[in-house]
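Order of writing sets the labels: A, B and C. Residues in every chain begin at 1.
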Amino acid sequence: MLQKKEAETARRDALDISGLSLAVSRSGTDVPLLAGVSVRVARGETVGLVGESGSGKSLTSRSALGMLPRGARTTGGVTVSGVDVLGADRRTLRELRRTRVSMIFQDPRASINPVRRVGDYLTEGLRARGVSSREAAERAPDLLDQVGIRDPRGALRRFPHEFSGGMLQRVMIAGALSTEPELLLADEPTTALDVTTQAEVVGLLKTMQEAHGTGMLFVTHDLDLAAAICDRIYVMYAGRIVEEATGASLFRSPAHPYTRALLEASPSVHGEKAVVKAIRGRPLALAEAPSGCSFRDRCPLAEESCAEGVPPYRAHGASTVACLRPEEVAP
Amino acid sequence: MTLTIPRLRAKAARGRRRRPLTLVLATAFLVLVAAMGLLAPVLAPHSPDETSLLNALAPPGTEGHWLGTDSTGRDVLSRVMHGARLSLLAPLGVVLLSLVLGTAIGLLAARAGGWVDAVLSRGMDIVFAFPSLLLVILSVAVFGPGLTAPICVLAIAYTPFIGRVVRSVAIQEGARPYLESYRVMGFGELRVTLRHLLPNVLPVIIAQSALSFGYALVDLASLSYLGLGVRPPDADWGSMISQAQSAILQGSPWSGLMPGIAVLLTVVCVNLLGEHLGGSISGKRSEET
Amino acid sequence: MTMARTFATRLGLRALGAAVTILLASLLVYGSLFLMPGDPVLALTGGRRLTPEQIEALRHAYGFDRSFAQGYLDWAGGVLHLDFGTSLTYQSDVGALITSRLDVSAPLIAYAASLALLFGLGLALLSAVKGGRVNRAMAVVASTATATPPFVSAIVLLAVFAVGLGWFPSTGAGDGGPADRLWHLTLPAIAMALVSFGVLSRVGHAAFTEELRREHVEVARSRGVGGAALITRHVVRNALAPLVTVIGVLLVSLFAGTAVVETAFGLDGVGSLLISSVSRRDFPVVQGIALIAVVLFVIVNTLVDLVLPLVDPRAAAGRKAAP
């Protein structure tokens, strides 16, 4: 009986967001933020969620924790390891956050309480789920050791301001993995760090995730970075998913004009494309997006038909894409 | 001479903001109290010193004595009106004196910098942290009763209140390029400070003055309540409450409550105004902590 | 100022600053005798009829027969041995007089401080967490409390709860044991605490609201930390630094507040002793209380400065950036 249940858990996705729409009301009017977002992360899989600021990618990842904006109304479903997040009461949510999901935030210096010791931060998640302080303290040095912090025992007694940003991000990773979660949400975990540290932290994150067999949703604005470490990638624009593909194929042959623009806008590490093209216009939130395809205002391929409705998802090459003319998007 | 002086942005911000009703009411009340005090000899229905033992301790609403009478039958309304004069004038004196002192010290500290700034700032910190009421009480011990010494001592006690803010604003404003351009044009330091820096710190000074007016009013009324302030036959709201103390214990609280209400409402209104002025400034300029 | 200072240097500097403040204040307290118009002995005796021997004794005790410096040093030496002179009214030792009055004033200050802290910070926390209507109601309560002078709240409390309803005694500190004393001191403590309560609830509200918005609170929430643990560990704990400073200022102002409240409620405490001594021109007593006030003030401020780095580890490091 128990074994059967465990086998079932193994088959369940770590995260399943299906058709999630979300709106908040601000001074009487409804402001839509997400529309029909579907994201799936299998256990042990690394999935990227890529988009510009305001696209709703952070909101999507936070919905997995049940951390929605005040007064948010939702349709669709969010399940984490089979637990319905949107319908969960406060206790279930707390239990879920303590045991199944962990999040790594963008700015480690703002994310770790500055007046408490690093050891306190590290074991807070463990203690919240009922592990005794003594047992948590015994596990703590090992947790820091795993993320490559020297003198872990000494580090536990120090305060956050005595660490560099990169070291603090390691502490946050150790804290996130301390509860052995099935799903790890990483919200721009390297944006606040300098370039050399970024590579180290990403490498560490990937190693830890593989070692623990955790599913990871990696939220970033950096498509190159996502393509380098993710099995699959979702590209998000103005509160919608516009393309989904495996990391490699997305990089080789983008099917959505926005994905392509993103690739062209990033300085390439591969050397050839020296010219960085900025994307015309500014990124839009869902509420200010035009009817039909949200990207049509900025899209070089836009035609009148793009205004007629939100393009349905269709298969194109290795991608699933919400565009009427993916064949015109040159690789 | 085509340079334009950037006016303090707070001014524009204040104009744009809708004035809430409470603020209008507060201003109206203060104007009313001030007018009552000014016109007390004309408006007051009775002489404030006219006693009538037959009419002692009449409750509010009594014919001819709207706010009742005190333990010697004096009309409370007339006394509150006359009491407004000293109750408002004395703190006004405090504010004017501390205004001059605070602005001078604040500007001096800001423009001089170095050890002058360090000494002045530390001194203001110490005075600021010491309770002003204790200072006035001690001043009475030295100089004897009356209002002159307390007003001077309170003016010193409230100097940091204005000086510290003037200093911090002057340092921020003084770093702006337009002042530098005046110096380059060969204007003297004193002239630049007085003509161009002072107008910019003015809104802050006004806001802080309003708040310290409220505090000074409370301190001086407390002093009179303790019997160390105004001397009879003069009376302010504090001394009226003090004289009503025994009546309160005998169950006739009105002659003490009325001046108490006058103090309370005046301070609430002054604080509202001061905080509004201060708020519209610090809304634009994050205050030092 | 960006230079990182060790704890020991800091302690030394604080002690030095405290000593200088006390020295200056004591000079002022002693020297104020000479500020008074006329013969300092006459000022000191306040017009009392004294025998020539008594006047001569005073002249000697205050060093008027010596130079100012010598007089001050002798007087200060006495003060250091807790010899504040003799009260002219009570003909007793000033130190003993003040100490006996502390039986009323110390519990009164402690009572008022507890009320202000408990209700002020409680209300601040409640309104910061709840927001909305609670928040607006709190703002009105807090600004009214802040603007109510102790002598006004004292007469209102007297009129309503002592005379009107008869729930509490109107005068005296009681002498029937701790419970009786508490009962007698309740109204005075409320009158004294009201302004501090208002200030604390406003400052506390601002501090708590700011800390609630911090990202690490959100992060803790994302880890399933909630309820009381979240509030105490991440909000209250972090707001302590700004609050400690304000609490220090309020404690000193409560000491000054005893003057008004003890007079209003007929309590025989240090505050009412100060007032009666000022009106009777009993200068040795006034000097003694003034010195105690200054020392208390310096102690509280030094404590605040020493506690701050414990509360905020970043302050301890002199805000030095991470290596």
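We take it that a contact is a pair of C-beta atoms (placed from the backbone, for glycine too) under 8 Å apart; a residue touches a chain by one contact, two chains touch by 3 or more.
As the structure is a prediction and not an experimental result, all values here were calculated from the model.
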{"item": "Chain at the geometric heart of the assembly (C-alpha centres)", "value": "C"}
{"item": "Relative to subunit C, chain with the most remote C-alpha centre", "value": "A"}
{"item": "Inter-centroid spacing, subunit C versus subunit B (mean Cα positions, whole Å)", "value": "23"}
{"item": "Interchain centroid distance [CA atoms averaged], subunit A/subunit B, Å", "value": "56"}
{"item": "Centroid spacing, where centroids are CA-atom means, of subunit A and subunit C in whole angstrom", "value": "53"}
{"item": "Touching residues (chain side subunit A, partner subunit C) in the complex", "value": "65, 67, 90, 93-99, 102-103, 105, 107, 110-116, 124-125, 128-129, 159, 161-164, 175, 179"}
{"item": "Residues of subunit C defined as touching subunit A within the complex", "value": "214-216, 218-226, 229, 233-234, 237-238, 241, 311-314, 317, 320-323"}
{"item": "Touching residues on subunit C, where the partner in the complex is subunit B", "value": "21, 32, 35-36, 143-144, 146-152, 155-156, 158-159, 162-164, 170-171, 242, 249, 252-253, 255-257, 259-260, 263-264, 274-275, 277-279, 281, 283, 286, 290, 293, 297, 301"}
{"item": "Footprint of subunit C on subunit B - complex, ascending", "value": "126, 129-131, 133-134, 137-138, 140-143, 145, 214, 218, 221-222, 225-228, 238, 241, 244-245, 248-251, 253, 256-257, 260, 263-264, 267-268, 271-272, 275, 289"}
